[in-house]
Amino acid sequence: MDEFTGMHAWAIASAAIVSAGCALVGALLVVRRMSLLGDAISHAVLPGIVLAVLAGGRPGGPLVLGGAVAAALATVLLVQALRREGGLTEDAGTGVVFTTLFAFGVVLVTAAASRIDLDPSCILYGVLELVPFDTVAVWGREVPRAFVTGAVVLAVVACGLAATWKEQVFTAFDFEGARAAGVPVAAVTTGLLAATALVTVASFEAAGAILVVAMLVVPAATAELLVRRMGMLVFVAMVLGVAAAGLGYLAAWRFDTSAAGMIAVVLGVQYAVAAIVAPDDGLLARLASRAALAWRVGCEDALALLWRIEEAGPGAPRPAGSWLARATLPWLAVRGRVVLDAGRWRLTPRGQAEAETVVRSHRLWESWLGRHVDLPLDHLHPPAEWIEHHLGADVRRRIEAEVGPRESDPHGRSIPPEP
Amino acid sequence: MSPAAALPYNTLVVAAAVAAVGFAAGVVGCFGVLRRRALVGDAASHATLAGVVSAFLLTGRRDLPTLLAGAFVAALAGLAALVAIRRFTRTRDDAATAIVLGVSFGLGIALLSGLSARGVAGAGGLEQFLMGHTAALTSADAIALAGVSAAAVLVVWLALKEATLVAFDPAFAAACGWPVPLLDYALVALVAVMVVVGLPAAGAVLVTALVVIPPVAARQWTDRVAPMLLLAGTLGLVAALGGVAASALVPRLPTGPTIVLAAAALFAVSFFFAPERGWLARRRMLRDVARRIAAGTLTPDEDHADG
Amino acid sequence: MSAVGAPALELHDVTVAYGRRPVLWNVDLTVTAPGLFGIIGPNGAGKSTLLKAALGLVPLAGGSVRLFGRPLAAVRERIGYVPQRETVDWDFPVSVMDVVLMGTYARLGWFRRPGVAERETARAALERVGLADLAGRQIGRLSGGQQQRVFLARALAQAADLYFLDEPMAGVDVRSQERIFGVLDDLRRQGRLVIVVHHDLRTAADWFDGVALVDMRLVAAGPTATVLTPENLRRTYAGHLDVLDELGRAVQRGGRTS
């Protein structure tokens, strides 16, 4: 592998590893509705980092990591203290604390510029491109320091969260329940916040303060749109994060722009795509299911209409039915439910059975309404028109058992038996 | 007029404009804070960067009105994205804010960085919108900012009762026939306006502090809305002026952080020394109550007796 | 001006859905003025939802609402509303007088400030609920009963013909409850209709002319003596309607129940 490709590979690897760490922690933050606290911490660690570097710590070294964790915990304690002692709401307190701490950090960086080599702008969005040039020797090979930090942090955080996984998930889904069950929620939360601080610092060089927020929250939010179980959610979030890191870096190389910025953009695109195509919840899925429902209702209305015409007998006035019901007739013919006979549509035996199901649902529901709800007789039809499409066999049997083995609905019409 | 005489005038005008912006931001921010939606402005403010750079890309112009117009459009787009996420997905509000904030800022950085890499003339000046830089403001720009700020304050003053009602009890307001969603959007749009107007002074990253910290500080001093608005405006004004002055002493220091620290200092004073709600006052009252309990001189509160 | 003889409140086949799941089914209810009318039922069974549907605070999935024979938008100035207490932020920097003045805002219209006349109305309302000497106090510094009376005063300041109150007696001591009931009784005697979502069956039997029993649907409605029978109460309170629950979920899914 030539040197050039090697450097790109290391840059992508570094971005991927910190992204994985952020996605892992972010999954818990998102589920616990602590996304904005994650945002606050990613800003507030700055003064902790700067003070640690001023005290002699190496970037990415233990002193800096410790300083970041201390800053994160200080943030949370401050917000809680402001609420307790000053009556500030959670959002107001967070807004006050993180802007103040971040501003303090920027002032420190600018004031100590002679002693620290940190460009304030880079704090905001990192310098992923330069990461491969700052290496340390690991087992004889030159490895980027940011990668090493990222790997160590990922290992520590993964182990810590894995060891406390049940408690973390329980607390995330049901804080009060966990506390009542004896889970040490304060310790669990502190652990999560410490993990947030660690992954934030590890990501600083790759992505800077603001974009860490994107790496923390977006993969998990995207995963939440796609899967429901926590284990899958974490896995999908991490995969998305790593993918975004790679794609974002390549896109940045192609368009000659900031890697961190492009990673955030790719994450946003992932989220938007998921929102549209997610099964069940996505936009397309919802439109499709609504269209499917409307079509089913149209088909059932058509069948029930034909049945009622036949029940009323020849010579009775023929209601027209909705345009949608009429539009479904050719499709019903293809499916063998109706046939065109001398210019008039007729039900086949299969169509008859299905039509009877719908009419039975309708009349049973009218009976049930008449029994349980204070509605006048002429108000029973519209609700039954609606509900007839949603009653299943089991519930029909229960209603029938309840209203008694009657054979007619409140209007005196007979209720077809279960086919 | 000789250049020497023109300089103080410009500085004065900019100072006055910064003061006006600080005042208006404090006033407008009160309702966001009272509604417990203090951080909605954060999503708007981070989106402004992309707007500023896009405006430059599309028009090739670097004058302030063009750039801020782009910032405003982007802020509204960010807020619209928030509404869309809330309406069409299961994602919760706090995550939605973080998503809009992070992704829009990433887009802004990508655009800005791309411009810098290509050595596009004039792109360097856009970096100032990250952290605030008032030195480059012209008098005309400053007057425009002051004008918009004054208009915002006027709108709030005109619709004070409507804004207070909707912030306090939206259900009752809706039952009375007030268009609550419209008023909500109007309040949020005002915050977006102030965020954009505050960009030159405080920068995209920290401008939310201007609409959050002064109202929170003002709340500690008073139990009524109108005095809170006035005080928040005053504190915002002092913080903005103080911050700009302090940053002028250290040339390399951007104005955003110093304004925020000035506001934080005012908040700290309010937090500790405000009468009744301040920390010292509460300590004193608790000690007082403990003393009276010990001495047996504490009587039950009279007007709670009849429920 | 309402249609001659139109009842004060008419709900016609009202269905309310949260998301796409129906929570209140096909309610048909007519209430005439004057009177003190209670809406009774188990918790979480749609009583508040019914009130909010009447006030246009939640969208209707079906049916219609008429007040004095006309749509809500045309008669808003004749409606008074006391929402549930827990929806309010008690730390909000407003005084008792500020809150009661809010009842006069709708009549003032856009941008006009409350003046002497409005303050007089507010003061009179505070007198009626016995809080005149607490006018300057911030609302967080009141007891539960006092807070409820502030909201009642606000509704009185609306000078309405039809009042809706959502659980006004919840968490309020007995003496305040009696005082509140006294005010509502006065309103009834002045020819108004007062509709109250109420949680306590015992006092319901004593206080209300008519009641509606609600458990996801209207079980029965009419004069108190005829409606509050053991049979009706059993149908409302005992026995959860699983059918409606399952149907609600099926409708939300767009499919059939099992």
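Chains: A, B and C, in written order; residue numbering restarts at 1 for each.
The definition used in the following text is that a contact is a pair of C-beta atoms (placed from the backbone, for glycine too) under 8 Å apart; a residue touches a chain by one contact, two chains touch by 3 or more.
Every value quoted in this text rests on a predicted model; they were computed, and no experiment measured them.
J.: Using the touch rule stated at the top, which two chains are linked by the largest number of C-beta contacts?
T.: A-B
J.: Of all the chains, which has the CA centre nearest the overall CA centre?
T.: If we average C-alpha coordinates per chain, A lands closest to the whole-structure average.
J.: Taking the mean of the CA coordinates per chain, how far is subunit A from subunit B in Å?
T.: Centre separation, subunit A to subunit B: 30 Å.
J.: Based only on mean CA positions, could you tell me how far subunit A sits from subunit C in angstrom?
T.: Taking the mean C-alpha position of each chain, the two centres sit 37 Å apart.
J.: So how far apart, in whole Å, are subunit B and subunit C when each is placed at the average of its C-alpha atoms?
T.: Centre separation, subunit B to subunit C: 38 Å.
J.: Got the subunit A residues that touch at least 2 other chains?
T.: Subunit A, residues with two or more chain partners: 87.
J.: Using the touch definition from the top, which residues of subunit B touch two or more other chains?
T.: Residues 36 of subunit B each touch two or more of the other chains.
J.: Two or more other chains in contact with one residue: find those residues in subunit C.
T.: Residues of subunit C never touch two or more of the other chains.
J.: In the complex, go through subunit A and note every residue touching subunit C.
T.: It is residues 87, 289-290, 292-293, 368-369, 372-376, 379, 382-383, 386-387, 389-395, 398-399 of subunit A that touch subunit C.
J.: Provide the residue numbers of subunit A that touch subunit B in the complex, in ascending order.
T.: Residues 30, 33-36, 38-39, 82, 85-89, 91-96, 99-100, 102-104, 106-107, 110-111, 113, 120-121, 124-125, 210-211, 213-218, 220-221, 224-225, 252, 255-258, 260-265, 267-268, 271, 275, 281, 283.
J.: Going by the contact rule set out above, which residues of subunit C touch subunit A in the complex?
T.: 13, 15, 25-26, 28, 62, 91, 217-221, 235, 241, 243, 246-247, 250-251, 254-258
J.: Touching residues of subunit B toward subunit C in the complex: what are they?
T.: By the definition above, subunit B touches subunit C via 34, 36, 158-162, 164-165, 167-169, 171-172, 174-178, 219, 222-225, 228, 303-304, 306-307.
J.: Subunit A touches which residues of subunit B in the complex?
T.: 33, 36-39, 42, 46, 85, 88-92, 94-99, 101-114, 117-118, 127, 130-131, 205-206, 208-209, 212-213, 216, 220, 250, 252-254, 256-258, 260-261, 264, 267, 271, 277, 279, 282
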